[in-house]
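Note that the chains are named A, B and C in the order they appear, and that numbering of residues resets to 1 at the start of each chain.
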Amino acid sequence: MRVAHRLGDIACQTGVRLVGDADCIISSIAVLQDAAPGSISFLSNRKYRKYLKTTRASAIILGPELLEDCPANALVSDNPYLVFAKVAQLMTVPPTIKAGQHASAIVAPSAQIDASARIAPGVVIEDNAVIGARVDIGAGCVIGAGCQIGEESRLVANVTLCHEVTIGQRVLIHPGAVIGSDGFGLANDDGAWVKVPQLGAVRIGDDVEIGANTTIDRGAIKDTVIGDGVKLDNQIQIAHNVEIGAHTAIAACVGIAGSTKIGSYCTLAGGVGVVGHLDIADHVHFSAQTLVTRSVTAPGYFSGNLPAVPNNVWRKTIARIRQLEETTQRIRDLEKQCRQRQCEDPDRDAAKQMHNAKIE
Amino acid sequence: MRVAHRLGDIACQTGVRLVGDADCIISSIAVLQDAAPGSISFLSNRKYRKYLKTTRASAIILGPELLEDCPANALVSDNPYLVFAKVAQLMTVPPTIKAGQHASAIVAPSAQIDASARIAPGVVIEDNAVIGARVDIGAGCVIGAGCQIGEESRLVANVTLCHEVTIGQRVLIHPGAVIGSDGFGLANDDGAWVKVPQLGAVRIGDDVEIGANTTIDRGAIKDTVIGDGVKLDNQIQIAHNVEIGAHTAIAACVGIAGSTKIGSYCTLAGGVGVVGHLDIADHVHFSAQTLVTRSVTAPGYFSGNLPAVPNNVWRKTIARIRQLEETTQRIRDLEKQCRQRQCEDPDRDAAKQMHNAKIE
Amino acid sequence: MRVAHRLGDIACQTGVRLVGDADCIISSIAVLQDAAPGSISFLSNRKYRKYLKTTRASAIILGPELLEDCPANALVSDNPYLVFAKVAQLMTVPPTIKAGQHASAIVAPSAQIDASARIAPGVVIEDNAVIGARVDIGAGCVIGAGCQIGEESRLVANVTLCHEVTIGQRVLIHPGAVIGSDGFGLANDDGAWVKVPQLGAVRIGDDVEIGANTTIDRGAIKDTVIGDGVKLDNQIQIAHNVEIGAHTAIAACVGIAGSTKIGSYCTLAGGVGVVGHLDIADHVHFSAQTLVTRSVTAPGYFSGNLPAVPNNVWRKTIARIRQLEETTQRIRDLEKQCRQRQCEDPDRDAAKQMHNAKIE
């Protein structure tokens, strides 16, 4: 639900400079190209700048460099997207959760459920689980034995926590996420695989968000640990014993193999793969689909992907890449020939001298 | 369940030319290499042509160019796979769904459920959801508040629709799919991440198929939109605000980042990644594991992957790729040396003249 | 739960040579760097060798080459990880499952459930399913019509088996896995897609492990088949008609396209993609994120990825890769120039002779 606000109040509550009419009433949020009067919009990605001139939004959050081109009231900030986040939070009333357990939920007698928590229909909560104040457990979630969920955390629906998973406060977990499944621990016994019991747990910090169908395995011996403020998108795979530092953000479809440590304040773009047993420093960034095979000891930005080109161009490029060994040999041969010529320079010098003699 | 048919009737109902015995009774479907008498098979991928000669199938769907090699009755078509699809549909009786709500389903009083719909055991349907005629909601599905599901759609089992998701008619959604989870909207506030409320919804067109454990996020402001006839395989990730045009087919493990538009009649092979804020034209095709980093403005076929080779070959290739900067410098040096020699041509001309003089 | 053992008994039961005090009591398991007295640890990855000297573990499983550096009792083996697996199994008491169906489970009257099986809360079991002895079906699982689950298999929670899926004995399936969803079978009819009914089933062998949110599609005509002892990590996608040979292990985020056969004793590292209709021999290994586009007829190790480098280095490399066609042309030009010079050798010989004549 959206709540209308005076633009001046919005500016005040988000601590941003207003250029324009403080009494303008803002009742909706829209992108520039679709905005109707009464709506607030924002411009943070220059790809959308083309819509600025013709937008019908009543207010626009933008950077100071765009102020003179702004056709409406302006909220001016060096971080328009952050201001937009705050404005959207301000204008959105979250649904109030109705405390209590639905009759269809199956809660083990030994579980401790705070009276202010909501347990939705079809939820199963196993032995000795502890559910904190104002926690919201959506329909179909399964909470394994010995799990602990901190205050105000929300599991949207059909989330599975295996046994002994600890979730911090204000954590948001989207549907289909699985936390605490066994790590992929296998020892080879003459070809066949022997399961290594996965004896560790999973610990999730405060203010973490975990996307739909993301999986986080329990540790083999030590715990798998997700730091405070970490944000995980959908369909991410976190293997056993991984540790992720605070405030790292990971986009969809990333896979992180076992025992790797990712630092704090890192970003991993979509589809990145990180092999096991690496140590990635703080403030390291990886671009989309990059494969990380070595530890990174200092902040930096790393890449390793090959962007799409037309297929006929690509076929030629692939062929050339396949020939690189041979190509290098051809260069070596050329260099050798050139060196041989240079050894023969005396002759050429002789020729030069004779030439010079002639023209003298 | 399979239903037996006269081959002549099959030809007639699928509109295909029959060469052979119209009275042959076809009672089963098989691949060429496993077919027994009484079965119908097809040949559309030339990799399987080797099985044509020895198949025991009673009828084979194939292209006209293969007719003379066909050892059985033939249904002749330029699109054998399409004919096979129709024959398989003809011979397969779908299970009839038994209308009504199972006693264990939890349906909010404000939800509107058509009397012809089936609501399976353990389903949860939240406030104000609207379920159309002959819809089949399988066991364990969660339908969020305000969702709408069009006629004859089927959610197989354990599907999660978050709030305000709209599903068209004849849509088929496989288990574990999550539709309408929050997009990954984060603004950075001096290192920490601030959640951007995800205020849009998801709209799915008619005749869409959505694979197992595929995730489709709700829009940040605008809706995420999946066009009519779109086919999505398993484990696909569609981020917030993405729009996918009609009749586009996307194979498994593809990720499409936020605000990207994919045109109509496109195909994305398995594992493709498309970064955010791109605009992909109609009739564009991407091969497996390609990373798409730029908009595509016209139809075409794009690639960007590096297929597997033996590891020892690959190690050398990788080394050569790493040296490309240096390699280019070596070529530049060689070119320079060659140019210098050419400048010295006068000497060489002199030598030539002298030589010529001598042999005169 | 961990159970204390005499070290001599551990050595005896795992068949490993003990160097040290057989009466030492081992009550816990720990990694080298965290071990306290009373715990057993192991060293199999040389990255962790640095912790050997200072560990406080009472016993360490390690290779004979490390024995002289071992500061504690030693269990000596050429395969320390395998021994560790056995020790961990020995010391871990699995929770006993309480046979019987929870009152909230919905079991079709035609289903056959062995009296020793456990059916947890919220489980749905459909018509004619057959559940074997000591099977453990966790909360929220859906077992489709006609499924068969062999003795001692365990579905942890929220697993979905579609209709007619056969599971062998001692199979372990983690939450969110979906087995038997429709394959992605589509025939193109002038732009629009026509569904090919997926008439096959899925057959899973004995001693298979299937990770969280992994998906295995049913066959189009033939079955999809997973051999005995196969181990599948999380978020793997197995398409229709795929066959995977015994004892093959596949890491997370791998996708295998339709009708491909993977041999026995193969390993696929994380993020590998295999296109359809290939035949991969036994004992083939693929490194992380490799794309496999051709059949492999003999054992071997294959790769095709590009590991991460600093972005500024990568930008140059990408540019050079894009120029490879042009680079090859430049080499060709150089070679041509060199050849032309060699044709002019007579002149140079003449010059040489003159030079020689002069110095004579």
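The rule is simple: contacts are C-beta pairs under 8 Å (C-beta built on N, C-alpha and C of every residue); 3 or more make two chains touch, one makes a residue touch a chain.
This one's a predicted model, so the numbers in the text were calculated from it and none came from an experiment.
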item	value
Number of steps on the shortest touching-chain route linking chain A and chain C	1
Residue-number overlap at the chain B/chain C interface, same or different (half cut)	different
Centroid spacing, where centroids are CA-atom means, of chain B and chain C in whole angstrom	24
Residues within chain B bordering two or more other chains	104, 122, 140, 158, 176, 213, 235, 253, 305-307, 309, 321, 324, 327, 331, 334, 338, 341, 348, 351, 354
Residues of chain B defined as touching chain C within the complex	2, 29-31, 34, 45, 47, 79, 81-82, 84-86, 88-89, 92, 102, 104, 120-122, 138-140, 156-158, 172, 174-176, 209, 211-213, 229, 231, 233-235, 247, 249, 251-253, 265, 269-271, 288-289, 305-311, 314-315, 318, 321-322, 324-325, 327-328, 331, 334-335, 338, 341, 348, 351-352, 354-355, 358
Complex contacts: residues of chain B adjacent to chain A	104, 106, 122, 124, 126, 140, 142, 144, 158, 160, 162, 176, 178, 181-182, 184-189, 191-197, 199, 213, 215, 217, 221-222, 235, 237, 239, 253, 255, 257, 273, 275, 277, 286-287, 290-294, 300-307, 309, 316-317, 320-321, 323-324, 327, 330-331, 334, 337-338, 341, 344, 346-348, 350-351, 354
